[in-house]
Every structure is written in structure tokens, then in C-alpha cells.
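Shown next, in C-alpha cells, is the structure this report addresses.
Chain IDs A, B, C, D and E follow the sequence of writing; residue 1 opens each chain.
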Amino acid sequence: MLKVDNINVYYGAIHAIKGISLEVNEGEIVTLIGANGAGKSTALKTISGLLRSRTGEIVFMGEKISNMAPHKIVERGLAHVPEGRRIFLQMTVRENLDMGAYTQPASATEEALERVYAQFPRLKERRKQIAGTLSGGEQQMLAIGRALMSRPKLLALDEPSMGLAPLLVEQIFCIIEELNKSGTTILLVEQNAQMALSIADRAYVIETGTIGLSGTGRELAQSDQIRKAYLGG
Amino acid sequence: SANEKKGESGAFKIGGTGPLTGVAAIYGTAAMNGAQIAVDEINAMGGIKFELKYEDDEHDAEKAVNAYNTLKDWGMQIFLGSVTSTPAVATSAEAFNDRIFSLTPSASSTDVTKGKDNMFQMCFADPNQGTASAQYIADKNLGTKIAVIYKNDDPYSKGIYNTFAEKAAELNLEIVSTTTFTDDSQTDFNVQLLDAKDKGADLIFLPMYYTPASLIFQQAKAMGYAPKYFGVDGMDGILTLENFDTSLAEGVILLTPFNADSNDERTVNFVNKYKELFDEIPNQFAADGYDCIYALKAALEAAECKPSMTASELCEKLIGAFTTMKFDGLTGDSMTWAANGEVSKSPKGMVIQNGAYVGLD
Amino acid sequence: MATPERPDVKLVPVPSTNIIPERDVDKEPILEARNLGIDFGGLVAVDKFDMAIGRTEIAGLIGPNGAGKTTVFNLFTKVYQPTRGSILLDGRDIQNMTTVQVNRAGIARTFQNIRLFGNLSVEDNVKLGLHNQINYGMWTGILRLPGYWKSEKLMHERAMELLSIFDMQRYASHRAGSLPYGAQRRLEIVRALATNPSLLLLDEPAAGMNPSETAELMKNIVKVRDTFKIAILLIEHDMNLVMGICEGICVLNFGKIIAKGTPSQIQNNPEVIEAYLGKKKEG
Amino acid sequence: MKKNNIFLIYGTVIAAYIIIQLLMSAGAVTSSLRGQLVPICAYIVMAVSLNLTVGVLGELSLGHAGFMSIGAFTGVVACMSLESALPPTLPRFVISLLVGAAFAGVAGFLIGIPVLRLNGDYLAIVTLAFGEIIKNIINCLYVGIDSRGLHLSFLTNSDALNLEEGGTVIINGPMGIAGITKLSTFTFGFALVLVALFIVLNLIRSRAGRAIMALRDNRIAAESIGINVTKYKLMAFVTSSALAGAAGTLFALNYSTITAAKFNFNTSILVLVFVVLGGLGNIWGSIIATTVLVILPELLREFNDYRMLVYAIVLILVMLATNNATFKNTLRELVNKIIPEKLIKRKEGTTDGNS
Amino acid sequence: MTFLSYLISGLSLGSVYAIIALGYTMVYGIAKMLNFAHGDVIMVGAYVCFFAMTRWGINPVFGILLAMAVCTVLGVIIERLAYKPLRAVPSLFVLITAIGMSYFLQNAAQLLWTPNPKVFTSVVGNASIKLFDGQLSISVIAIVTIAACFVIMAVLSWYINNTKMGKAMRACSEDKGAAQLMGISVNLTISVTFAIGSALAAVAGVLLCSAYPTLMPTTGAMPGIKAFTAAVFGGIGSIPGAMIGGIMLGIIEIFGKGYISTQLSDAVVFAVLIIVLLVKPTGILGKQINEKV
């Protein structure tokens, strides 16, 4: 479904991604793990078009999307929940969710909204609140909810569990699994590697801009090397 | 140094600065165009030859000094002053130090000439206009209750107002309303006009350029107020304002040295040439620029100057010539210059009738 | 779930009404909040909040998202003015103090969303923390009088010393904004420490860190407390960290305290499990 | 801070001064350039001081010319009043400069108080408003001197000053000041630039400067670590305006006339352009950008009518180019290719300098 | 009576400021940049309409439409060429290109159309309504301007709050990256913003010159600054705020002249502005958005 082939990304003179290739198949949950600053977020941003790769190619559903404008990529069914939430702080919760459904026909909005509200009742309760005054965790829920509004085929999530209460973290992972079951393919970046690996079909480990290891979630969760470096075990 | 460079082509090098861009660009371009016509005419005649170079000063003293220095580097021998007053005060001080003879077409402030023996004006000095206007109004009994609107951040306008007010007091003219405007607020004149109207003014004195005046006429009409208007030389040009409804200016009296509608042969000739070249009717600045060149020609001839002389040599000779000669130009007959640089010429009282200037006396 | 290595902290059993550790009990608490509350429009964000923090205690403030934890920090640091109740710092009411004065009186904090001086160097960030510790006037600085050289040298030494706690000396000349996320969080703590506080407030210090980094952080927090003999109040959703190093824990839900106690008391409190922890975990 | 490499800054300025002095003594400097030396110095001081507000404190000011105006008028009044009492020019010049700086600094303090409550564009508009108010007030102000001392009058005309016989009008409302004796020289201007650089650079690299930059980067965090926002905003603002005042005096004493209209919004904007083009917080950049942009319109005189049009286009293109990543990268690569590694540092400087 | 006359003059002047401020605030609100060239786009609009009416004898209505079309294209081109490449850098840099653009437009206009002023023919004639035996007169153009202001304000507010594009505009104004992730084309949205802003500028230019009929290359400069002031006064980014700010500014200017002093009116206007901002630091209708800590 998504095929990333040998991309190189720079921030000015900084070479942040050094020839990464990866693949996500339809229906999978794939997770990227790695230390702070390894380049996970950069990889996601490149896939969703926010950053440009100097070389290589990204193909989504058989179509080349490298060098495509981000909004066109979204239209093709790839949604990205960015790091740091990036919600519209001065809009209300409801308006934020509406923005998520921007590419969708107006008729589909109501239904999508109900689904999101069902998943995050707190958002329904606060639908008129200005998003900027939400608590950190509430903002995170909003960011995920917003991405779900567009009914994406592939959902890329950058650290969705950050700042969430334990109960909610579990909930979020449940939601991710549910989404996956209902047909959404997931590309997940997580610090909570334990949880991520437990739900992932496959995983890649990124180390300073390159792919270190890859394998099924289970394999990696049991690898000693991984346990030491990322699981604190 | 640059100052001592001589005219090479056998022509006198005349430099001028004026606003060629920005808000005041109309005045600078007009003076430049007028002067250029005169230069071309003279060069075609044979005899004395001129080379004219104009530099933009953006109506700013700092830029004017830069422009002046550029002209010096070019080898300027005679300086055609700056067109507007504030820059002219700055450049004339430079020319005074450099001993370069200067004649300004239109910078009318007395600060321009004050204390500088080599600085002469082609236009009236502000005080002259103020006094002459008051005198004229008193003599002709044009109004009993007078209102004045002037531009408070403009030395020209404020300068004329000051002497007008002084003279008016002397002549027992009653000024009932004095109001002002500035660059930042020159669109709406309702308050000023209401004040004049409420105080019963039957004549409004407008020491300003014609652009704001045209707005005043329009707004007064809209509020149903029809006093007499009395303008100064800056009012000249209002009839040539593109698309202006000349009926608004009907009856406006102004003192101006130049009348583009005059039947005088030289004026007709000048106006036609100007129209042909620049597609416009020349205003007083153009005429001043034109006169400056002819006055310089007359003075240079009178003093038997050669293009090979240095600027400072020319300066002394021209000072002598200017203080002694009599000059007939488009902007006045039998003009003479006092040692302080001020010109003496008689302003022509004009009234606008049926969209044309008509001489008053 | 793997049990993290617990740093060697001795938990002191305390009476259930008061969560101050025993060693601090006979001293006056460093901070005491009494019946604190704040409303935003109709929303009661915090209500009837009572808490005392011991002089050298590491205390935790936990609760579901939007429970009002950050708001409590904002009340303590006078970013918000409380609608009700009072806060006593070292026995002194801070009612009329500003954020700046509260800091000078001894409270330093970090932020949930990092607030560094991103364009300044790491060292300068720490020196700014030392701003009120080492003082010289504007003209001393401009004219480079001897006071300038002396103070700047002192500042440099102090800054490096503080950075070394978190093993960050090597970043000293880097632009703070260009540091990796985890390093930025640590730098915020160092900067707060530099203001010489008696109470340090940490808002989700482990957010965005992986488990091994978190374990490192836990050791460092305890080290800070032990070296500086200060009280630390932290907000965190990482239960390994909270249960691992906090002596007393206070749980908020919908702005109200639902439980106070030692980690084991909290872990076994059904109301807390229901509202926050989810199904009980072992370890 | 790397971008404010002090050796580079002082070095360039001093070297430029020496070179120009040598060229002048050899008669190789045109009148045009010579005439611009003092205004360049004045504008450099303006740009450096505005950089303190805009680049270092991070607040947009659109009324910097207002402070220049205050400095110009008060400085010249001081200079003209002292003419008989203190004939030697150097001390008179220095005193005038100090007077100009002091008055502008006080104005900076007064305007700084509302500044503290506002941010961003609201602050910008207050500074703009302030510049307009100053202009308007000076246009209505009359100051004269006679044996009894200074006389002041407002909203009238110069007659209302009631000067004795032999008294002189100094500020004459909209006519401003005429008949100023030119005291400013390139050397004085250069000295003022050095003083301004010394003050600003040392301030930035001290405890107070750090606090000012902290306010720019994150006010809330600065408060949380006990930094007094009011104090440091005011400090930056007052220093900046006092220096602008000194620049105003230097500028005014270079021309025989000044009017309030000179120091209008456009002048404020012009200085802002110098600062932004040179780089926010980058003092060296301010110096270079100012020099280039002051000289540029003069170099473009050949274009006659198209001069200001070309100037506008150059301004836009430079802005686009300096902010274009590809352009910067190409430039860097080019430099890397042509020049051996160890020279790069210095060479990059000169490339910028010629742009 | 004087009071009423002043009030009416103030309203007329204010409505002109307001209509310019609407375009200003619209572009500011979305693109987050102070478009100092806005005043000059106004000037271009007025020139186009002037030539259409007086030189080519086109009906005023079509003159206005032509001016709007030309300005729309001009606005979009300016944005594409001069502002778009600077989207990623701080807005101060764009401010400088905007200033360059303003110089450019003024000087190009001067070269194309000479610096000589032209007298604009009011698109609705110079009629006025006389009340109280002609003691009080309200010009038709003032009424039209005020009405236009209200209509534009209402339509703009509705557009921004209710249409899809309007929402896209608000999203872009907050976070361009996130907006893209929603599937919004930032380029298109900003182009539309500039197109609307510039079309409004054309209308403003025509109305400005109908009310105060001198037309020069610098005609837009001062009203541009005044409108900027008005927009901030009303709370920058707020559409109704721009309208209120503009009208307040006009009224204060006229009252300052009438009741205080014509010489000090500029100082009065700006002093009032400063005082208002001290009391309400984000302008009359500006929302105080506190950053959550």
C-alpha cells in the first residue's frame, strides 16, 4: 500500500534521514520505534508531504506521492496526526473536527462526528470550548479525533499516547486496533515501544536516520537488543 | 576638485534638483521640463550653449544634498536651486560654501536666501505673497470677514499665512476663522469649512497648492457654502487638473505670476511646445524653470562669461549681473533682484471665469 | 509488563490525612494549599484542593487528562489567580505575589509543553536561571567593569555544574531549540533548578521519553532532591516513574482530590483504579 | 553569540573608516560619497539601536524615527543655544549629542510604559502613533533664544516667542530649524557608531542582554524564572531610543536645515528595512545592510526616472534571495568549491558584504 | 447642529477608512502579514476605474467591476511573486517585501500615469441630501460607502465563518502545516484571500476617490496607514472590528479637529488610539487570547 524507497531528508545542512526504505501493506499495523531524534517524525512528515525528500520515491496505492502537495496526499486517503498535536488552537473543538472532514462531502460529516464523539466522549462534552484551553491530554484526543474525521485509508500517528493518562493510553491502543480491524491501515510512531510492539504486525527500528532492525512486532519485542535500548529492560 | 571641473563641450553645465518621484513629483518634473524647453531653444539659437542635468531629491533635504553632490561630481557650474523650499534651504547652504551660483525656480521660503549672497529666487518669496495678498484684498475690498485655511506642516503654506496674518492685522482686515490641515489629514475639510461658515466668513484665503484646494471647493459646494476664494501662486494649475470640474473654481481669485491662457506670444509659444512634448498644460513651476534658464542666459551674456570659467568665477560674475539686470520672462516683466536674492516682480491678479483665467486689472 | 529498576528510595509510611513523609512531619511544610479553587467561566477546573508538601519530599500529582493538574501548577506559580482559597509558601501567603515574585520566593517549574529560550544557547538558558542569584548592573555589563568578569565567570561555573547533574555539559554551546526532545526536557529542569528553588514543580517530565530514558530521569530527580535538599512536586502519567519515586501522591479527578496516600495505597485505591489507572497491574 | 562576532564587527567598521580616510586624503572620494558619510553613520546607529528593539527584544517598532526626531531637535537646540557660551565644537557637539540622547531616552521611557502592556502588532501601532504625535507636535512648536534664555511657544507662530532684538528663532514650527551650523564630521559619526556598537554589543552579551533575549524567546518562561519583564523591556527600549536620539543629533548637525516631516513613518520604515535585511539580532548585518541601502539609491541615479522602481525591485529580490534555501545552499556550495576550507569563514563575510 | 455635522463628516471619513481596513484586516487575519502594499492596490483600482470612466467612457458599474478584476489579478500575482516564497520565514520579512512592493507600485504608477493629480468622478455623483433647511447635508457617496461597508462586513463575516473556503482560511491562518494535513491547499486558500482582499481594495479605491476625488500615485499611502491604524484599533483580524475601528477613527479625527484644534488633530487621533489600546490591549473587538500555560 505504501512503499518508501531510499529517501534522504535534510534540514538545511543536517542530514536527518539517510536512505530509509520501508513498506506498509494493506490492513497492517506497522510501527516505527527509535530513540529521541532518530528521525521517526521526519520520516512521517516526509511521507505526508510536509517535507521533501531529495532522492528516492514514495508510492502510495500505486501512485507516486513524493513531491506531491500534502493536501493532495490527504485527498488520496493518507491522514497524519503530527507530533505536538498541531490542533487549531483558536478554533473550537467542533470546528477542529470539521476541519478534519475538509476533504469529505458534507453529508458524511455528521456520521463521522458521531463516531469520534463516541470514541472520545470528552470531546463531545467540550465541543464548544476553544481548543487552546483544553488540557494536554484533551488536545491529544482532539488531534486523533480530527484525523479520524477524514476516514483515511492509511493513518499515520506520531506518538499518540504522549501525555495521556494510563487508562486513555490503553483506550487509544484499543481504538487503533479497532480502526485497523475495520480496515484502516496504521503507521504508528511510538515511544511506548512495549505497547506499540504488542499490537504491531511489523516494526522498524530507526537509528539516527537509518533503519536498524525490522521484523514482526513479536520478534522485536523479544530481541534482547531492543529490550535494552528501548524497553528499559 | 570636482568643483573646479570645466564645461568641456563648450556648454555651461547647469544642474538642478527637485522632486521627480514621490508626493511632490509634479513640481519637480514641471520645473525640469520647463527648463529643458528653454535649454533646447537656446541651444538651437546658436551662441551660448547649456547642458542641463536634473537629479531627483524626493522633496527631502538629505536626498537633495546627495543630488547636489552628484551634480558636483558631474561638473556642475551653475546650480538651478532646488524646486521646493526645505531641500532648497539645505542645498543652498552647500552651494554657498562651494561658491556655486544658485537660482531656484520656485523655492519661496526666505530661509533659502537668508545670508547667502549667491542664492537667487525666480519666484516670489513667501512674505511677499502674504503681504501682497492682504494688500490686494484690502485694496479691492474683496471680503469683510476672512477665513484662512493653511497647511500646518508645510513651510510654504505656513510662511505665507504668517505674513498674511500680520499684514491683515495692520490693514484692519478681520480674520474670523483660522484652521489648518496636514499631510496626514488632507482629505476632509468639512470641519474647516464649517468653522468658516459658522463664523460668517465671506472670503477664504487659501495659501496652498491646488490639489487640496480642489477638494475644498468640492466639499464647500456639497455643504452649500459659497464664499469667495483667494489663492496664491500654488493655486495656479487648478484649471489644468485632469477631469476637474472647472465650475467649482468659478470666481476664484489668485495672485500668480504666470497664466497659461495668456495671449502673450512667448507664453503661447511655450505652452504649445510644452503640450506637444509632455502632453500637458504647463503650470507656474514649468514657467519658472523656463524663466530661470533665460535669466541665466541674460546674466551670463551680460557678464561675458565663458563655459571655461570655474564655478566660483562664474558665481562672482553672476552675482554682479543678477543684482544689476532687468529681465522679462513668462512670469513677469522687468524683474529685478535685490542683493538678498529676492525677486521683484508684480504679481498678476487673476480671476477664474468660465473655466479660464482672466486678468483682474 | 517489565518491572523497571527502582531507584533506591525509602518510602516512609504516613498517616492517611497527611502525606508528608515522616522525616518532614515536625517541620512546617514548604507549601500548603488550603481549599484552593479556580473557575474558568462555568467550568470548575480545580476545587477544594488541600495539600501540604514536605520540605524534602518528592510528591506526585496524578489524575486523568483535564483533571486540573497543570492548573494547580499555574495556581502555585500565580499564572492564574485562584478564585478561592489560599496558598502558603514557607508559611507566607502568596496571594499578592506575581509569577516573578513567587519564583524569587522559592518556586520553580517546568512546563508541559516545553518553554525554553530556543534561540539562546543551552548555557545561556541556565545562566538565565541564575539571573537573580548572581547579580550585576546594566552599566557594569556595558562597561565591562570587574564585577562583570567576576560574575560571569561564577555564572559559567555554576551553569556547568548544574548541567553536569544531567550530564549535559557537552551541549553547553548548542542552541537550546535544536536539542533532541528529551534533552530539552532535562534542560528545563536544570534551568528551573538554577533559580535556587525550595520547591520544584515538574509537569510531565518524562513525556516523550522512552522507558530507558525515563529510568535515567528517575535517578536524576532523586539525585536532585538529595543534593539540593528541596521538595519536588511532579505531574506524570508514567506510573513507573510516579510509583517508583514519589513518597506521597495526590490524585485529582474533575478538579477534586479523590485520594491521597503512598504509592501502594494509591495503586490499590478502587476509585483511582476506576478513574485513572485502569485494571490493576502487578509491579 | 556566533552571528555577532565582535572582532568582525569592530574590524570592519574600523577598517572602513581608515580606508575612507586614506582615500579622502588622496582625493579619490567623490563629493557624492563624501556627502553621504555622516548620514550613513547616523543610519547605522539608528539601525543598530532599532535592532536592539526589533531583533533582540523582539518587539516591532514602527516609530523609531520619532526618537531620532526628538534627538535631532533637542540636540540642535542645545547646540545653537550653546553657540556663544561654548565656542569649541567638540565639547559642544558631545553635549548636544548627550542632550539629544537624554531627551529621546526620556521619551522612550514614557512610551515604554504602554509598550509593556502590548505585544506584536498592537505595539507596532503604538510606536507608529507615537512617531506621528511627535511629528505633529514639533510642527506646532516654536523655540527661540535671546539674552534672557530659551523661549517656548506652542500652536502659535514665531512672533509669540517675544524675542528681544537680536534673539534668534531656533525651531520655527513646520519650517523646522534652518541655518544650522554643520558640526557633524565623518570622524564624529564614526566615533558615535563605535560608541553605539560598544553599548549594544556589550549589553547583548551581558546579564541584562540575556534577560532581554529571554523575553523575546518566551515571556512566560522568563517570568517563571524570576525575570522582571517590565524592567528589561524598558531597559532595551530606553537604550534603543537614546541611541536613536544621538543619531538624530548627528544627522541634524550635518544639514543646514531639518524639519519634523523628515522623521516620518517612511523614515521609520526605512530603518526597519535595514534591520530586517541585515538580519534580526545581527548587528554586523545591520551595518552592512544600512551602508548598502543608503548608497544604493545614489548608485541608481543613472536610471533616472526608473531609479526608485529599480530600488523597489532590488529590495524585493534581495529579500527573496536571502530567504531562499536553494539560493543559500547554492551559494554555500559555490563558496565551498572555490575556496579552501579554512578560508571559508572569512570569505563568506565578504560575499555577503558585496551583495 | 455643529455636533451633528461633525458626526456626519466623521462617519463619512470613517466609512472610507473602514472599507480600506476591511481588506487590510482580511489579509492580515488569514495570511498573518501586514500588507503595506494594500494602500497602493487601492490606488491602482482607483486609476483603472478612472481611466475606464473618463478615458474610455465606460459605465461606472463596469468601471468598478473592471477595477476589481484588475486588482484581483494584481493581488494574486503580487502574492505569488513576492510573498509566497517567504511563507516559511518570520512575517517581518514579508513586511519588508510588502514595503518594496508598495514602492514598486507607487513608482510604476508614476511612470505610467505621471505624478499629476487627476480628479476622480464620483461613481454615484456628487449629490447630497439636505436636512434642516440645508443646515445639514449628507452626501450620497457617504451613504453609499457606509452601506457598502456594512454589506461587505456582513458578507465577509459570513463567508469566513460558514463556507468551506472560509474555514480553510481560518485554518491556514493558524497553522499552515496542519491545514495541509487536513487536505487544504494552502496556496489556493491564500490566493483566494489575496484575491478577495484586492477586490475589496478596488472597491475601497473607487469609494475613497469618489468621496475625496484627488487621484495621484501616492493616493493610497496615507489612507493605507490610517486603515492599518483603524484595523488595529478595532482589533486586528476582526472583520467587524475593522469596520468599527475605521468609523471610530474618522469620528475621532473630525471631532479632534472640530473641538480641540485642527493643528493638533493628528496627535489627538493617535493619542486616543494609544489610550484605547492601554485600556483594551487588543483593540475594541480584539479577542484576548491567552496562551494556555
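The rule is simple: a contact is a pair of C-beta atoms (placed from the backbone, for glycine too) under 8 Å apart; a residue touches a chain by one contact, two chains touch by 3 or more.
Everything numeric in this text was worked out from a predicted model, so none of it was measured.
**Student:** Shared touching chains for chain C and chain E?
**Tutor:** Touches both chain C and chain E: A, D.
**Student:** Of all the other chains, whose mean CA position lies farthest from chain E?
**Tutor:** C
**Student:** Between chain pairs A-E and B-D, which one is joined by a greater number of C-beta pairs in contact?
**Tutor:** Of the two interfaces, A-E and B-D, more C-beta pairs touch across B-D.
**Student:** Where the centres are mean C-alpha positions, what is the separation of chain A from chain B, in Å?
**Tutor:** Measuring from centre to centre gives 73 Å for this pair.
**Student:** With chain centres taken as the means of their Cα atoms, state the distance from chain C to chain D in Å.
**Tutor:** 45
**Student:** Compute the distance, rounded to whole Å, between the mean C-alpha positions of chain A and chain C.
**Tutor:** That gives a centre separation of 30 Å.
**Student:** Roughly how far is chain B from chain E, going centre to centre by Cα mean, in whole Å?
**Tutor:** Centre separation, chain B to chain E: 36 Å.
**Student:** If a residue has to touch 2 or more other chains to count, which residues of chain B qualify?
**Tutor:** In chain B, 21-22, 152, 182-184 touch at least two other chains.
**Student:** Note the residues in chain D that touch 2 or more other chains, in rising order.
**Tutor:** 132, 135-136, 139-140, 220, 305, 308
**Student:** Could you check chain C for residues that touch two or more other chains and list them?
**Tutor:** Correct list: 70, 79, 111.
**Student:** Which part of chain C faces chain D closely enough to touch in the complex?
**Tutor:** It is residues 77, 79, 98-100, 103-104, 108-109, 111, 115-121, 124, 127-129, 131-132, 134-136, 138, 140-144, 148, 151-152, 155, 191-192, 194-195 of chain C that touch chain D.
**Student:** For the complex, give me every residue of chain C touching chain E.
**Tutor:** Going by the criterion above, the answer is residues 70, 74, 79, 111.
**Student:** Which chain E residues qualify as touching chain D in the complex?
**Tutor:** It is residues 28, 34, 36, 82, 85-86, 89-90, 92-93, 95-97, 99-101, 103-104, 106-108, 111, 225, 228-229, 232-233, 236, 261, 263-264, 266-267, 270-271, 273-274, 277-278, 281-283, 286, 291, 293 of chain E that touch chain D.
**Student:** With touch defined as at the start, can you tell me which chain D residues reach chain E in the complex?
**Tutor:** Going through chain D, the ones touching chain E are 54, 60, 114, 117-119, 121-122, 124-126, 128-130, 132-133, 135-137, 139-140, 155, 220, 265, 269, 272-273, 276-277, 280, 305-306, 308-309, 311-313, 315-316, 319-320, 323-324.
**Student:** Given the complex with chain E, which residues does chain B contribute to the contact?
**Tutor:** Those residues of chain B that touch chain E are 21-23, 25-26, 29, 152, 179-185, 187-188, 190-192, 194-195, 198, 211-212, 214-215, 218, 221-224, 241-245, 280.
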